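One structure coming up, written as structure tokens, with questions to follow.
As written, the chains take the letters A, B and C, and residue 1 is the first residue of each chain.
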């Protein structure tokens, strides 16, 4: 049984492409994301070097990469747990990310929080909380602050389709719409929230259908086409920068993994995995880039080897980083001057 | 100099901060055009404009969430909950997002959430609550409860300037009943410090909010029969002034813990434990609590009259404790 | 290169054990890092586990089919060729980082040790204090001032007779024990006296009656024991000679007795139990040291008291004794002069007695008797010397003073006298 929602019905087509340089950068980041998450989920976690939860965005790499690749340094990003590409593009180091996963002192939170719960004010990267959807009003507030200061910065906020069931999501989108905040809301609709398929999550067909209810534009794109994502989000960003308020971009994709590393997704019909495997965003991009002579096969291998080497080195460093002092538990609750 | 009400003192404090720091702004329901349900923000929209006094939809969660986002970007938002009772709608944003950012990723969230709390106004269950303890129980937050006009101004300023999230419970019963002459110039009340409202030698009454006046009224009565109450106004619940509490108990050796909040899980329980742990050998009698009963706040006047702790309760318990 | 331990990983937050279903390599095989090494099965998922390091699979510790807790070492990857296992496989070798839900058997912290009792006799004291209703504050104040709460028993002004802070504070302010009213013990009437012959019956004087009653009552009340000490008075004789002229210049006649008073005072400071009283089953320690000196007069026995003798110098003591003695002889003593003594000294040697076993002056618990001072031949360093010797006796109440304590007390008196220094 093929999920009727698997058929992506993009409401816009990409009508232009980024420069070649950017295209190659996109490939690099997507491959970096894929390789990093493979190592985290399929190796480090199973070797007992990472404990607790592991959540990867396998098969969804195009969404974070396409959305973030052209952001300005002073724009802000509110990622969720399947947006590793956002962290990498914004400048968080591999070592910091790996140390974070391994609970080391040198990790993004010094061991205070786990896996993707990372943030960095320096990079305008906002750490999300497990109450998914909470970042939606927060993004509205971030956008509001830009408006108040007369800045043309924007904030891109990511969430899955499951998060759009939460009250905070609706309050936040409404608030952003009413106050015309420069926010681009990007929905990673990978069609499963843990074991809950789309049709048990909502009665509307598309998340983007909700945009109308809040008076903002909604777009549907093929989430596995990095250029489609890039195009749609860029347009929304420019709109927001110009003061026209928020938009909702729904990226249709599929979660090619369990909800987390310990979930084998046995509840997903195998046909769906097979269908979406054909539509892998990285394979697609590689094929297209080769077709358009933007890169050669050797060039792709070079990127792959480079990515592996970077990650090897980062793992080596992070693995030998110290754990935090047990008494660090007590520190950092309040401002300590 | 003119007398300033508790309510006006809050407005003054916010106004002065907004004048000298353009990062400070207000958002909430009916705060702009209407000047706030209680008129605390009256005049501010005209003075500071609609980018700094923002009327929002009915979305407590988004009000707090947006405040968090703006604060992360360096602003100093004051989010108003129309009634403290509605703060529960924003519980998750407050306790899981705002309270934990600094601990988790070193990002301060300098927001102030103003919440008109307390009963005695015929408000019923949803317009009379004292929900402070949900937040006192959340590390990463600060909780303050001014009782005087001076502290209403001093604490709102201190809260706005504080780099961490502060929940500011303003007692609606006191809004227009308390009038004081306030000093000129900039002053703040330090968060985490209590104030002795009446020095005494027989029994310490430790309290906060509107109950401070209940305690003082009782003290005046008891004076006539030679019972000398000390009244300690906590002013802050998180952090609270442990030293002042212990010092008072060590001097009088008998203590009454008084609050308008309900009994189980109320702040008196925490204080009783601290006093017992740290001043056991100074106690000349059992620690007594005077609180509201464990019920929602009822509406009809005889019911609410029963619910709220009264001066006569304080007098009765003080006499019992004195004689012990 | 160090060995790498291969562990059973935790695949999921609530998982605490896993079954090793299949080894994909044999012991001794070369393995590469990240290469599939073994397979596991848990409640949530079956999984293939990659090798955490490159090297030789030196030792397999957990066999196929075994179920072990997470973080158990299942194998060791080493750098060299396989060596015979040095330790037998211990499946439960590793301490799991997160315990399976067992209640942590953590002993509750020991109850805070009670602050140590000061050196006082009477082990049952604390228990006594607690049975009397007071409060933590009151008990602390009582302890700090060495007050036995039993002294206030029944006198508390708090609810249900609780001893309050103001009760204990005013008690302390008034400084000391008021002798508790003792209901007169009903005396068993002695048999009437019969005598074959003439008799003259004279009624007793009031004082005589009182002395008679007191003596009998004292014997009935205390468990009288007497100990005897022989003391060399040469040092104090020398001191007396030295001080006599200067004291006389101050108008004070210096006898030998003040030295004994001073020595007794110092010993009482060291052994406060000898300065106490017994009230039911409570020992009442008195802060003040008031020495009564028994004076024999024609019309009877009287015991004027030197109040706060510990605050007086030798001169002060001598002066007080002069004064009291004179007033006693002239019948000019006030009731206050004969009240509140805490220890008595009597002088059986006055009329030549070698020593005596005096009766305790109630409500005190000891009385010291001074025998006659006589020059005697004594042995010192195996030679015979002539020294003025006295036999001191101490009658003591064995209810609260044990023999050893009485002797230690007297040894101290002796030490003070025989090593007299100004």
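Assume a residue touches a chain if its C-beta (ideal position, glycine included) is under 8 Å from a C-beta of that chain, and two chains touch if they have at least 3 such contacts.
Nothing here was measured: the structure is a model prediction, and the numbers come from that model.
With chains as nodes and touching pairs as edges, the resulting graph is complete, every pair of chains being joined.
Comparing chain C-alpha centroids with the centroid of the full set of protein C-alpha atoms picks out B as the closest.
Farthest from chain B in terms of Cα centroid separation is C.
By C-beta pair count, the most extensively touching chains are A-B.
In this assembly, the C-alpha centroid of chain A lies 73 Å from the C-alpha centroid of chain C.
Distance from the chain B centre to the chain C centre is 51 Å, each centre being the mean of its Cα atoms. Distance between chain centres (mean CA atoms), chain A to chain B: 41 Å. Taken together, the chain C residues at the contact with chain B in this complex read 135-140, 158-159, 162, 164-165.
Of all the residues in chain B, the ones that touch chain A in their complex are 25, 51-52, 54, 56-57, 59, 61-75, 77, 92-93, 96-97, 100-108, 139-140, 142, 162-164. Residues 253, 280-285, 323-324 of chain B touch chain C in their complex. Interface of chain A with chain C (complex): residues 42-43, 45-49, 51-53, 258, 260-264. Within the complex formed with chain A, the chain C residues making contact are 6-13, 15, 34, 42, 44-52, 70-71, 97-98.
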